[in-house]
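Below you'll find a set of structures to go through.
Look for chain A in each of the two complexes below; its partner is chain B in the first and chain C in the second.
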Partner chain A sequence: MDDKRRRFLKLAGLSAVAGIGAPSAFNLLLKGEVNASSPAPASHGTESPGSGHGEAPTGVRLGMVIDVNKFAENPGMAQKCVDGCHQTHNVPIFLDSKGQVNPKDAIKWIWKEPFENLFPDHSHYRRNDALHELPFLALCNHCDNPPCVRACPTKATFKQKNGSVIMDFHRCIGCRFCMAACPYGARSFNWRSPRERDENGNLKFIKNLNEKFPTRMRGVVEKCNFCAERISEGLPPKCVEATGDTGAMIFGDMNDPNAPISQVLKSTFTIQRKPALGTLPSVFYII
Partner chain B sequence: MYDKGKIIPGIIVFVCLLIFPILYNSGSAGVLPNPEKPKDQKECVKDKQYMRTTHMQLINDWRDEVLREGNREKVVVQGKKYDKSLMNGCMTCHTNKKKFCDECHVYASVYPYCWDCHFVPKETI
Partner chain C sequence: MIEKALKGSNVYIGWLVFLSVLILAGVVSYAQQYQYGLGYTGMSRDVSWGIYISQFTFLVGVAAGGVMIVLPYYVHNFKDFGRITILGEFLAIASVAMCLLFIMADLGQPTRALNVLLHPTPNSMLFWDMIVLNGYLFLNILVGWVVLHSEYKGTKYPKWLKPFIWLSLPWAISIHTVTAMLYCGLPGRHFWLTAIIAPRFLASAFAAGPSLLLFIALVLKRVTKFDLGDVARDKIITIIGYAAILNFFFLGLEFFVAYYSDIPGHKHALDYLFWGLEGHDNLVGFMRLSLVLGGLGLALFWIPQTRSNEKTVMAACVLVFSSLWIDKGLGFVLGGFVPTPLEYVTEYYPTFGEILITMGVWSTGFLILTILYKVAISVKLEKES
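Up next, the complex of A and B:
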């Protein structure tokens, strides 16, 4: 083919594409119909993303403050929180054929995590030695702008009116989009049936069954539910209960100015996990 | 018609075989399901007819109210409080799943997956 004609055709084609496509794309963006990232409507904290402490004007917004120093003073208390939660919610401990726990399919609602994994954006050169020994607890942050809720195709995960992000296990299809969306690793997938039994008919993975709370089934994602079933009865979450009167975990309505949690948040320096992501977490740490 | 002598008796035998089960069972409805109701209870949250036809809908609505709206207010019928829950509500009175749930579900060939996660009362799980 003649080189001139070839160049002409290429140019004509490109101009046509640009001429048709660019104005419509421009119009969409100008009108604001499409955003580069569209946050889910944040009903409780309306501050700009990334500002960390989202303050809500009205309604209940449940939150939690974890005082890591109190956990350091009471060794073993963190494990008590984990065990208490997992026992209450029938969280299975999956064991492989050798009886070992494989971290890849471990289910965790609340767990211990080293500082550098919990706060990667706070890692810096010449860190305080004590940080490495502190028992940090991690759990679902019950974000005010939860990415998992946006990712869920079946609305199995949703935000309640009180700000807690919970799951309807009936609707979970196990696509694990929420696990990919959650920046905190707070979600676990049931690769195996939690109700597998040994040859004597006993449950292999759940000891000390709580018959008031269901188990899950294979192929379902699960996570902390901020003890929705206990809060409705006026009880504190199980992990908070496990800390007793040490004040290591403070739970309550952050929008109530008289609640202990509001007083603590007002008077103490706290940090959140990955605040720059704009998820507006409801879990705060005192270090 | 060729082979009349074979075809016509053949058709008659075939039709007889076909309608035999219908004739054999005619007049009897088979064994009807008879779910055993709790002996020490007289009232349920709704009347018998409603529960028979719509219990699955009611349980679904309860779940959505409890989970989505966070409304765990107990259902009060004639002064008695019921949890809006299958495991902690229904099954506290209807303690025998085999004689209550399964009786009809098996008859109607309905196999809901409630028990994959929820517990059957007094089940050694």
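Up next, the complex of A and C:
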């Protein structure tokens, strides 16, 4: 394991998740640290009556904090996150017959969204102007109580032990029940084949294919996978990586009290999208 | 017995040919959709279910509606429905067949449909819907066929059938209840998130199913010697009348809750459907028409003069059926997607090919229905003459 990975894993409190090869001395040490600390303060204010299910305080629970102020300080960074993710995951850009981007077929894993669309339940009356300009990022919330998983008739969408909600593209029947069920518009459907090629045999809708990640077949749903493939290699999510050292996105195990994400959540006011629905999102925003 | 489906008048044969042509057009379009993917339709990331799923939802209702004819005969021994219970059961068969075809047409990966059974997932309402629909199809084929065959042989249906008949009654309720649960359990879709969906579905089903059945029975009376009888006709009208009133009553409650509470999320979909939202109003004309047609149909059913006149009764059946078709087969599913979870308004327009596939499925249903009814009527007339 190189230093970069080690540093990320340690920061995120994720060594145990990554579990690469035999447990290194480093991993064991880190585990020791985790165990040494008193019971993990896992929940984040959801115990109030009527707020639905409580969150499991044990095990790993991946989460993400998005600090929109840092994005405001670094114009263009949000787009870098989007491009980085879509590039890494071979997200196609579908063009219509005139070569224009076709919104009807759009596939998005992470994208920019104005405040009022991302948080429609918040008051927008006499809202400060600055808020309107801020570049918010939208992505799957990896809900702790995910309606998409509940609705899926084949378990093609499922929740992993570490809390991330991911998909099996080979099992999905394309019924799109999960799309109706997700209250965040996080899911996209392959309305046509992303593997279509032009006369020269080049992929028409995917530029710079990433050989390490599968392309999808038509007729299946897809969405942000919290970079499951990168986490298991000890790499941070691509979007997080794209923010460099700005600290605009903090990713890690929310159940590890020593992880930076836990520190931030404990000390900073954050909001989640549509908390009233009881889906328990794992993505938090600092505004 | 089945040979009776093969012989018939020129009108009968012509009707079958007409349906077959439409089915063929649907099959050709489906082949294109299969080749290209569901982008062949007008559906999008924002409106991810379209006319296929709305037809499916409506037709589950038609299938369940047949029970209003079957139940009085078997449970209350209402003899006047004896001649038409078989029509109710066969209508259920044809409707469920259409439902299953619409689901298949809507799947992105239809060849994987069996995954629902290979990986059974009891927390998914779609899994249960699959079970109740196929179960209902089986029950109706069994009951309908055995009863008719006994009649053909000139005997009463065998005793062992009774439990299946009884089972089919609550089962009819279950198919539409579970279908309602596909929608009303989804967080974040305000329009669907209401406990009145299931009762409203049932009310509209008990009006739409019998309307179609009564209309067909009256057509049969004109083109064959089959007569359902005045008492039966009047009873069905009463059933449709009350069910349709209940449906509109429930709709009224939806309006009250949305506009009296004044919660934006509750109002948006109704705004979109009946007044237009942010300049998007492609369903407004339809939804208002639905109310007008429903009102007219109800009036014809309740005014004594038009109620006893067969022609106006047939017109009323068409009016009520169309009204409920627009309401549930168009507005209900599409309205649920407006606005999107991110508060955008995206409108949906079915493509030509999508409409051809839809018509192909409807034609398949009517072909099944025609053949089943032909056999049933032939047997009945033969026994009576």
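Here, the second predicted complex is superposed on the first by the 231 of 287 C-alpha atoms of A that agree within 3 Å, B and C clash if a C-alpha of one lies under 4 Å from a C-alpha of the other, contacts with A are read in each partner's own complex, and residues count from 1 in each chain.
FYI, contacts are C-beta pairs under 8 Å (C-beta built on N, C-alpha and C of every residue); 3 or more make two chains touch, one makes a residue touch a chain.
Only a predicted model underlies this, so the values are computations on that prediction, with no experimental measurement involved.
Looking at the combined model built on chain A, do chain B and chain C fit side by side or clash?
Aligned on chain A, chain C fits beside chain B.
Check whether A:L203 is in contact with chain B, with chain C, with both or with neither, and answer first, second, both or neither.
Touch partner of A:L203: chain B, not chain C.
Looking at A:V101, would you say it contacts chain B, chain C, both, or neither? Reply first, second, both or neither.
Neither: A:V101 stays clear of chain B and chain C.
Quick check on the superposed pair: does A:S232 touch chain B, chain C, both, or neither? Answer first, second, both or neither.
The answer is first: A:S232 touches chain B but not chain C.
Taking the superposition on A as described, I'd like to know which of chain B and chain C A:N162 touches: first, second, both or neither.
In the superposition, A:N162 touches chain B alone.
In this superposed model, does chain C or chain B come into contact with more residues of chain A?
C
Contacts for A:R195 in the overlay, against chain B (first) and chain C (second): which applies, first, second, both or neither?
A:R195 sits against chain B, while chain C stays out of touch.
Report for A:L277: first if it touches chain B alone, second if chain C alone, otherwise both or neither.
A:L277: touches chain C, not chain B.
So in the superposed three-chain picture, is A:E211 touching just chain B, just chain C, both, or none of them (first/second/both/neither)?
first
Closest pair of CA atoms, one in chain B and one in chain C, after superposing: how far apart in Å?
Comparing every C-alpha of chain B with every C-alpha of chain C, the smallest gap is 12 Å.
Do chain B and chain C touch any of the same residues on chain A, and if so, which?
217
Taking the touch rule as given, give the residues of chain A at its contact with chain B in the complex, in rising order.
158, 160-162, 166, 168-170, 195, 201, 203, 206, 209, 211-212, 214-217, 228-229, 232-233
For the complex, give me every residue of chain A touching chain C.
Going through chain A, the ones touching chain C are 103-108, 113, 116-118, 120, 138, 147, 150-156, 171-177, 179-185, 188-193, 217-221, 274, 277-279.
Okay, in this complex, where on chain C does chain A touch?
36-39, 43-46, 48-49, 103, 106-110, 112-113, 115-116, 118-119, 121, 123-127, 130, 182-183, 186-189, 336-337, 340-344
Can you name the residues of chain B that touch chain A in the complex?
The contact residues of chain B facing chain A are 63, 67-70, 72, 87-88, 113, 116-119, 124-125.
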